[in-house]
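So, here come the structures, one by one.
Two complexes come next, and they have one chain in common, subunit A, joined by subunit B in the first and subunit C in the second.
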Partner chain A sequence: MKKLFSLIMLMPLLVCAQNITADEIVRAVDRNMITRTSKANVRMTVHSRRASRTMEMISYSQGNDEAFSEYLSPPREKGTKMLKLGDDLWIYDPGTDRSIQISGNMLKQSVMGSDLSYEDMMEETHLLENYQAELKGEIKYDGRECWIIELKAKSSGVSYFKRKAYIDKERYVALYEEWYAKSGKLLKTIKASEVKRVSNRWYPTKMVFKDELKQGKGTEYIIDSIEIDLTLPAHIFSKAMLKK
Partner chain B sequence: MFKFLLKGVFRDRHRWLFPVLIVMFTVGLLVFSFSFLEGYKQSYLRQTSRFNTGHLKVVSRAYAEMLDLKPYDLALLDIAGELQGYKARYPQLDWVERINFGALLDVPDEMGNTRVQGEVAGFAIDIFTDDSEIKRLQLDSALRSGRLPARSGEILLSTIAAEKMQIAPSDTITLMGSTVFGAMTMQNFMVSGTVEFGIASLDQGAVVVDIQDVREMLDMENAAGEILAFFKSGEYERKQAARIMQDFNQRYSDESDEFSPVMLRLEDQGSMGYILAMLDLSVLWMSIGFITVLGIVLWNAGLLNGIRRYGEFGVRLAIGESKRRVYAALLIEGLIVGTTGALIGVILGSAICIYFNRYGMDMSVYNRNSTMLSENVLYTSINAYAIIASFIPGVLSTVLGAALAGGAIFKRQTSQLFKELET
Partner chain C sequence: MILRLAFRNIINNGWRSLINVVVISIVLIIMVWMQAMYYSWIRLAEIQQSEWEYGEGMLRVRAYDPYDAFSFEDSYAPVPGELKPGIESGEVVPVLLAPASIYPQGRMMGAIVKGMPQQQNILSFPSHRLESGSSDLTPVVIGQAMAKSSRLEAGDVFTIRIRDISGAYNAIDAIVDTVLFIPAPTADVGTVWLNLAELQRIRGAEDMASYFVFDDGKYRSFSNQDFRYIDRDEYFADLYQMLANERFQQVLMYALLVFLAMIAVFDTQALAVFKRRREIGTLAALGFTKGRIALLFTLEGTLYTMFAFILTPILGFPLFWYFASIGFRIPKGYDDFAIQGMTDTIRFTYPMHEIAIVFLIILAFTAIVSWLPTRRIARLNPVDALRGKVN
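Entry: the complex of A and B
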């Protein structure tokens, strides 16, 4: 029933695919990707210059603003928790029993040695709020028909001045993204794959983030299981949850 | 002849006073400048080797590529066994392990929430095995409040950072950083004391921590970001350093392995080689500049003096003294004046240098925003080179001035001289 409903919802876009605008594509991507709530079991493998390291975590999110994650392994990271509430981010370390708010330059630091920064984690996903979208053409990527969308920042407050994305025409998922600095330097690339049907949405369950300024083979972010639009207790997204 | 000229020079105040004063002042300034530059160079070498470069340094090849960034994630891992081998092979060196790391210093309030936080540069040294690092970095004299760390879990914090974040000895702080593998890590420490090294780049915000604590925090068991080696003599021995480096790299370094060790000399690190070459060059340029300027000034003085003595030269030529002899007398007079001025200049310059060598000069105002590892109190270093390199230009300049000014004697016609004598 849900599948049928989502198909009906997406039908106008599919019919008008030929005349679709960049803004409509980006809105459709946001509609597909942004969930009311979610709970996911995630594996993050960081392929650094020296070694590869896998971390497992459980993540909860509510809309764009609230997210909570707890690291389950390896032993050194076990019990580390992160809480995002709006523009604020706290990290709890069980070894010191301290919750520290991350701010300023620290937001630019890598999350657990990965190719993602805290700032990347904090970013709002409603792209049209911060970016001007332009449809630049079409491309076949990874065997899928895609639109090439270019997003340019409306203000200087965003982390990445320009983004280029290949959007799957059928599933409204960004399969490949390039994030650029204002100077035009390529900063990060993201490859999404293993797109699966989750509830009434299409969700990439494997993403490879690559910080182009770092040596290494990037960070794999694999969603082992995900539940969407479930009811989550409110206390998950509170500071009290950090020390629990 | 010499005695005659000597009397002649010193009985006529116009002949010696101005040139002697000029030479004396300039030579004194030159002695001071050379000693100041040498003092600065030695201070820079001393501080840089103690805190940063060592006389020689061993890092991984990957680390060496980004040496200035001190990327401890590219550190030498499991190095304990290798280090024992290095110590046995090069007994003329003292070896120390260090880790430099960046961290966020977080100060909790009574509830455990963040009261204040700031970024600090972590400096991990071996505090507890013996007191060699404490002596090398002069931690005792750098201590401004509290005491040196006595046990694991205690750190020293720079005075400026402590004041800025209102941290006092015995306060507990949390350092947050990344492990060698990039994972987030936190560790609680107690501030045992505050330090001030007199080095702006360190005093702005550094924490000194025992290397074992940092290894635990950064997941770097048996690892070191850098292994520094110092000659047991305490002095940097350039030729020997080059020989040791070549031998070490042939023996232990593997170009195909980016994590194999590589040895660097002091002057191979960052811009050290360039800075040392520039300091040496500046001494040479200073000598050339001073000789040129002094020569021009004394040439003019010689010309003025020559004009004043036209009559005298005329009489001397008229009574049969040869032009060559008059010219030689002029040069000897220049030599007498130059030697006298240079001697007094050297004595005065040396006296000033000895004073500043003993009591030092407070350079903290100039170092405030400097990233160079130079001491806040600078001591001049007087040596034979400074004296010789100042004395010779002082003497040469008066002789050169006299030689140029005296050239006019050869252009004079005897008939013209008699005409001048009549007027």
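Entry: the complex of A and C
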């Protein structure tokens, strides 16, 4: 009887889920992922062919355009800061006490030897602005019911021509993503293995980024703590912060 | 008569003269060797760069700065219509370049991908090797320096990831068709060569190029909003600048060598004026003016150099021959610096006009140094001289 009652109660949601469009799914994902402001303590572990290396950092972001992060460990990287303002990216190296702007070919290089490039960090996260979404089917991934969404670039200037994502039906979080080149070659995969409730949204807190062209086990990105939609002082996102 | 007298005096001087001549000769051998090394190095670099990259002239897209990696991404422009007949007839070779990431054995490294037509005869590059076969793999050619840094060998398959001109990633799988000895470092270090049409396709840059190479100076006056002519002086500017820096060290070395040789000559001459004061007095008594006596001594000193000129090719022959036929190669390990003209064996050619100038300079110095001690003769009283007194 209890089971029947639950089924009757869930019926409208299930019907709704059946009729949902790809755009609505992606919009919901965007709503989950894009924050007004955030502050997070992050660990990034790079698993290269020979060894693993963990870096800790504190990251601040404001909308899509502004982000600031400072490396806290290991000692070699401690004090390194990165600032993203719109399309510009600066890095401060405490060893030389200099800030350099990362542009051109340097944007293709990996961030601290990880599977992420500076360009990936600069990527626009509003998926629907850049991609045409198509619902390709459903799949059970990592024990959870997911939609398979294929995203195709709307314009020629988008870095990854095609993406495929498994979106958690319940939490509207991409649990697995594939990023493709124009030629159809798989370039990167992202796996979210832990999703937590943060404020009133679901947020992936443990992810593995993998450059599929590179050997190695990828880069683990673990968010130890995150605060969302908090008030951040404006000076955090200024070049003056790099040398502070 | 003075010349004969000077010649006889030199011969009579015996070992002292021989030592002077040998010292000057050794100095000349070293100077000729250095002169030939720099000359041959630059000449080889010019030949290699011309054969492999510059041709007889180059038209380069204005946005491209070979010293600024940031400029590579935007280094393309449409092929000017005026050049198309030349491209078809083989007088012009278009080359497109793009920054890329390559993944040899799963390692990521930055590279410059350059596309060249598979049929061209201007450059020494075996571009027919870039012809696509039936396989899905794109054949590429790399130089030995690139093979060493990327640890790629002929037959290896790797991925090239590139951004097209609108910014989207593209990626292809490539196979190393050939690992070549490319003597021009700028066409080898960090460079992957593939078919122009293929690069244009994956880059989304159809009918575009980064630079053009010519087989003559026909397009020297060509210029438009996208491309400009690069003359030899501009193309080789860094090489010439490097030579200028080396030249400074060379001049210092020359100065030191000449100084040592001139000390020997000066010493001999000063001693001769002192030892031969009776002879000076006799000559003065016989009616030689002081000027003629000074000329005699100056000639004697200068004759050392003249004899050294004769001795230099004889003494230096084994060395000169060795470097002209066997050549000189920078030691293994240092060739990683990829300096133009130093990637291959440098076989010396001897620039006769430059060597002649060096000889004349040495001659002038010897004359001055030989003359300096003879100033005493001007102050000499013939009677005192006959008595063996010199002030």
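Note that in this section the second predicted complex is superposed on the first by the 229 of 244 C-alpha atoms of A that agree within 3 Å, B and C clash if a C-alpha of one lies under 4 Å from a C-alpha of the other, contacts with A are read in each partner's own complex, and residues count from 1 in each chain.
Please note the rule applied: a contact is a pair of C-beta atoms (placed from the backbone, for glycine too) under 8 Å apart; a residue touches a chain by one contact, two chains touch by 3 or more.
These numbers were taken from a predicted model, which means no experiment stands behind them.
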item: Partners on subunit A (subunit B, subunit C) - clash or fit; value: clash
item: Partner chain in contact with A:Ser183 - subunit B first, subunit C second, else both or neither; value: second
item: First (subunit B), second (subunit C), both or neither touched by A:Phe161; value: second
item: Touched partner set for A:Arg76, first subunit B, second subunit C, both or neither; value: first
item: First (subunit B), second (subunit C), both or neither touched by A:Ser99; value: first
item: Which of subunit B and subunit C A:Cys146 touches, first, second, both or neither; value: neither
item: First (subunit B), second (subunit C), both or neither touched by A:Val208; value: neither
item: Subunit B versus subunit C as contact partner of A:Ser114, first or second or both or neither; value: first
item: First (subunit B), second (subunit C), both or neither touched by A:Arg49; value: both
item: Subunit B versus subunit C as contact partner of A:Ile91, first or second or both or neither; value: first
item: Stretch of subunit C, among 81-89, 117-125, 261-269 or 333-341, that runs into subunit B once the two complexes are superposed; value: 333-341
item: Doubly contacted residues of subunit A, that is, touched by subunit B and again by subunit C; value: 49, 103, 105-106, 109-110
item: For the subunit A and subunit B complex, residues of the former touching the latter; value: 46, 48-51, 53, 55, 76-77, 80, 91, 93, 95-101, 103, 105-106, 109-114
item: Footprint of subunit A on subunit B - complex, ascending; value: 62, 73-74, 104, 106, 108, 112-114, 117, 119, 174, 176, 178-188, 219, 259
item: Touching residues (chain side subunit C, partner subunit A) in the complex; value: 69-73, 99, 101, 103, 105-108, 110, 159, 161, 163-164, 166-173, 202, 204
item: Complex contacts: residues of subunit A adjacent to subunit C; value: 49, 103-106, 108-110, 153, 155-161, 181-183, 185, 187, 211, 213-216
